[in-house]
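Each chain gets a letter, A, B and C, in the order it is written, and its residues are counted from 1.
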Amino acid sequence: MKLSTTTRAAAVSAALAGSLALAACGASNEGGTGNAPASGSSAAQLSGDLVGAGSSAQQAAMQAWQAGFNTEQPGVTFSYDPVGSGGGREQFLAGGTDFAGSDSALTDDELAKAATRCGASGPFELPNYISAIAVVYNLDGVKDLNLSPATIAGIFSGSITTWNDAAIVADNPGAALPSTAITPVHRGDKSGTTKNFTDYLGKAATGVWTAGAVEEWPTSGGEAANGTSGMVDAVKSGAGAIGYADESQAGQLGIAKIKVGDTFVAPSPEGAAAVVANSDRVAGRGEHDLAVSVNRTTTSADEYPIVLVSYHIGCVEYADQAKADAVKAFESYVISKDGQQAAADNAGSSPITDDARTAAQKVIDAITVTS
Amino acid sequence: MSTETTLAPSGTGGNGSPGPVRTHRRLPRYGVAALYLGGVVVGALLSALTGFSIALTVVYGVVLGTLAVYLVARRVEGRRKATDRLVTTVVTSAFGIAMVPLVSLVYTVLDNGLGRLDSAFFNSSMLGIVGEGGGAYHAILGTVIITALTAAISVPIGLLTAIYLVEYGTGRLKKAITFLVDVMTGIPSIVAGLFAFALFALFFGPGIRLGIMGAVALAVLMTPVVVRSSEEVLKLVPNELREASYALGVPKWRTILKIVIPTAIGGLGTGITLAVARVIGETAPLLVTTGFVNGTNLDPFSGRMTTLPTFSFYQLTQPGFPPEFGIDRAWTAALVLIILVMALNVVARLISRIFAPKTGR
Amino acid sequence: MTTTSAPPGPPRPTRRLGDRVFAGSATGAGILILLVLAGVAVFLVTEAWPALTANSADLPNGKSLASYVAPLVFGTLVAAVIALLVATPLAVAIALYITYYAPRRLAATMGYVIDLLAAIPSVVYGFWGIAALAPAMVPFYGWAAEHLGFIPLFAGPASTTGKTMLTAGLVLAVMILPIISAISREVFGQAPALHREAALALGATRWEMIRMAVLPYGKSGVIGGAMLGLGRALGETLAVAIVLSASGGITFNLISSSNPSTIAANIALNFPESSGLAVNTLIASGLALFLITLVVNVFARWVVTRRAEFSGAN
């Protein structure tokens, strides 16, 4: 027994030493925030923590913003919890987090709750993350594809089943379309992308798309794929497949041009930013609430109407000076050219327009501490 | 065995062996091999018709070869022997078929995962990582912490329950516990996750995600495994040892602590290690309980924690932009996970070998 | 066999404090297990309650809870049954191979290798399913839809990505294979040597010996093992979540890309983005899964223990 006890002790200590060694060395990319040079930023150095939660669509952009914000304000501990849009709004309204990331604006019920959470000046909502959703397809020999909203709705609701359907032919006069069966691919998990895509279908193809704007794909049939990358993979590997994904992630897939007004428009960051900038604000909201109702039926050829808009939602007044300053500094960074470019590089989002930046800056300037 | 005479052709013609012993005619080994070879050749030709493929050749070859052997054996050796040969082939191919996914799986994971198996993978987290690089440092630590906590919860409970069942338990309670432990082994892992979530959500609200929640969920899965294996091992401790101890006036609890457990320590260690190996790869319960972060969090009682399996899952489904790098990280994480599980299995074998009691059973 | 049973009422030592504490904590741990199992049920019901009592218009699908859960239950059952149908014969054959056909010296190693299949984490099976198995199945699905389309199971249109119910079932089959084969191996190995030798001595071939002396003996063990495998297949989450293209609807068509999801996969995919009543609904579906697996497992244990009581081996 003596021998085995010592062996056991040795084994345990070896295991302990191993895990301690792992713990002691630390992640090479973490820590060291204290001594990071503030990269030329002359802004006043803040401290404290800033906690956000919400949309997972924003996660990649948040990562870029976090990295950028960290070099500007190394004293602020920033964290973002991708719990999903609904959960993010819920936690923010309950006071658990300082701001929320959400793929949809606050509902009227939630606005009422926000009044208790934020006080008299209410919440702010900034459409900081815009991403064009491309209709992607995989069809041998077809390089260009034009689709009208009604055709897209027909394909995704299952009434158009082959690529040489009369509706598609009508959109693409002269193109040689094969008789391949169409496999419509949709997201199998809940997502803001699905919500915005179905919102577009519902508004631009009234009568054809009747399932409304929903996060979880509403109809049965078609192929389901998880996550944007799953969507891209599914379309890539399936001959005759069509799906919808962030334009930046479409890679080598064919990207359909969408009928806007009388022309067919390809998705572009500029077109996506433009449609959001030119859309009407949601009526009846406070002056700090920039929630927009995206103009899905725009007729301007400079605009691309299938976009995902994701908001940052916070309070105009915070009880604590440090918190107000941190939110202000963070949001200012996010809407800055640098911040938007960082998100574009990391997440493939569309940088907001200068006009939108001016409007957002006005809201951010209004953020104060409760007097 | 009245059929023998009709089945076995008379052996008197050849060697003229004396006496009543009748020898069966048997297919020579090279005959069987030749038939299979023929099957493979024809199979190759057949598969060449539809574009040559090795897999198809093997399948055709085995099927045709078996058929040929069966028919020939039926003529030469008779129906019963032929059936026996047929079954032998079927059973052997079943084993071969089962090996296909294993080999394919190991190959796929190695093929995709080796690329990122570098030092950066082990010493950096995903905090502020854009595109290339990054690693699973935070996830590996998360897995270590959560698994350690799980073991800290399940091992005492599991071990004590096993001791109860073997040393103390009597009557209905013992029966009920044995039965329910068995039932508990069958709880789907996601349900265990939901249980932990429901438990904590009741007290802290639905947005709660903690490392300890994951540990609780995993403990629900691990405890019954510990109980079962410990119970088996404790039962193997010879009664004579206990009786000798009692005879010397040692109280029961000291007998258990000083005699029974040390004797069984090897088996207990093996069982616990295997139980750890079982929960370390669990993903579903952690998905609903521990959440996901990019940075390192060493405190299981506050904030989200990433573990290796969830890291792997999220890197695959939400790889970021561009996606290649995330998907590579996902595969490497899967590879590390397999290596971990295999290592634990090896450790379990070593434990049982090192600590094996010298006494015979 | 004498050593394998607990001490039959050892000489009761005088009850000392240490004894009482130790006995108490051991009993306590046992009772704790009971409480945990009860707790699982209680907490699931508590968190599922809002969904069970909610106004049906507030539920995620805007209809009733039953119509939300029904396709999921259906999908769960179909995937598990496919897995069972594929895995059981294979597992029995493997068990026979290892116990009676394989070279003696290799048998233990082979058993170990098969057991390793059980140790591989389910998320890795999912990766393998999506990266290797699904693409490999696509040509077969195309062929089946063309030539076997008259059978409702293969009605098509064939999936072009291979993410079908059949693929999910096959992945599950691989996962439960080691469970069934481990238990089968155990019972086959325990088949009385006397019977086996008697069969062989009477001139039976190896197969006849197995058919007459081993299979009848091991039958209930195999059934029990299969039920345990079924329990595992029903609750398997990530492998299905990754592999299956789940777009709802109840269908027996196994090779198209429209499949009902399974309860567990549906929870895993939708839980992270859910809040409010949607969470309660998912937990309610988890409760349904818990009940289904409970029934299957209890039945499996009953079958296995019945065998243990009947056979003279134990």
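Convention: a residue touches a chain if its C-beta (ideal position, glycine included) is under 8 Å from a C-beta of that chain, and two chains touch if they have at least 3 such contacts.
Note that the structure is predicted; figures quoted are calculated from it, not measured.
Chemist: Count the C-beta pairs in contact for B-C and for A-B, then report the pair with the higher count.
Modeler: B-C
Chemist: Please indicate which chain is farthest from chain C, where distance is taken between mean Cα coordinates of the chains.
Modeler: A
Chemist: For chain A and chain B, let me know how many angstrom lie between their CA-based centres, rounded off.
Modeler: 40
Chemist: List the centre-to-centre spacing of chain B and chain C in whole Å, with centres computed as mean CA coordinates.
Modeler: 13
Chemist: Where in chain A do residues touch at least two different other chains?
Modeler: 56, 82-83, 87, 90, 189, 226
Chemist: Multi-chain contacts only, two chains or more: what residues does chain B have there?
Modeler: 206-207, 292, 316-317
Chemist: For chain C, give me the residues that contact two or more of the other chains.
Modeler: Only 242, 272, 275-276 qualify.
Chemist: In the complex of these two chains, what residues of chain C are touching chain A?
Modeler: Result: residues 60, 135, 157, 159-161, 163, 241-242, 244-249, 257-258, 261, 269-270, 272-276, 278 of chain C touch chain A.
Chemist: Could you list, by residue number, the parts of chain A that touch chain B in their complex?
Modeler: Listed in rising order, the residues of chain A that touch chain B are 1, 4, 7-8, 19, 22-23, 25-30, 53, 56, 59-60, 63-64, 66-67, 70, 79, 81-83, 87, 90-91, 94, 96, 189, 226-230, 232, 246, 248-249, 251, 345-348.
Chemist: Which bits of chain A are touching chain C when the two form their complex?
Modeler: 56, 82-87, 89-90, 181, 183, 186, 188-191, 215-217, 219-226, 233-234, 237-241
Chemist: Per the contact definition, I'd like the list of chain B residues that touch chain C in the complex.
Modeler: Its residues touching chain C are 1, 4, 80-81, 83-84, 87-88, 90-92, 94-95, 97-99, 101-102, 104-105, 108-109, 112, 156-161, 163-169, 173-174, 176-177, 179-192, 194-195, 197-199, 201-202, 206-207, 220, 223-224, 227, 235-239, 242-243, 246, 249-254, 256-257, 277-278, 280-284, 287-288, 292, 309, 312-313, 316-317, 330-331, 334, 337-338, 341-342, 345, 361.
Chemist: Per the contact definition, I'd like the list of chain C residues that touch chain B in the complex.
Modeler: These residues of chain C touch chain B: 2-7, 10-11, 13-14, 16, 18-19, 21-23, 25-34, 36-37, 39-40, 43-44, 46-47, 89-90, 93-94, 96-98, 101-102, 110, 113-114, 116-117, 119-128, 131-133, 174, 177, 181, 202-203, 205-208, 210, 228, 231-232, 234-238, 242, 264, 267-268, 271-272, 275-276, 279, 282-283, 286, 289-290, 293-294, 296-298, 300-301.
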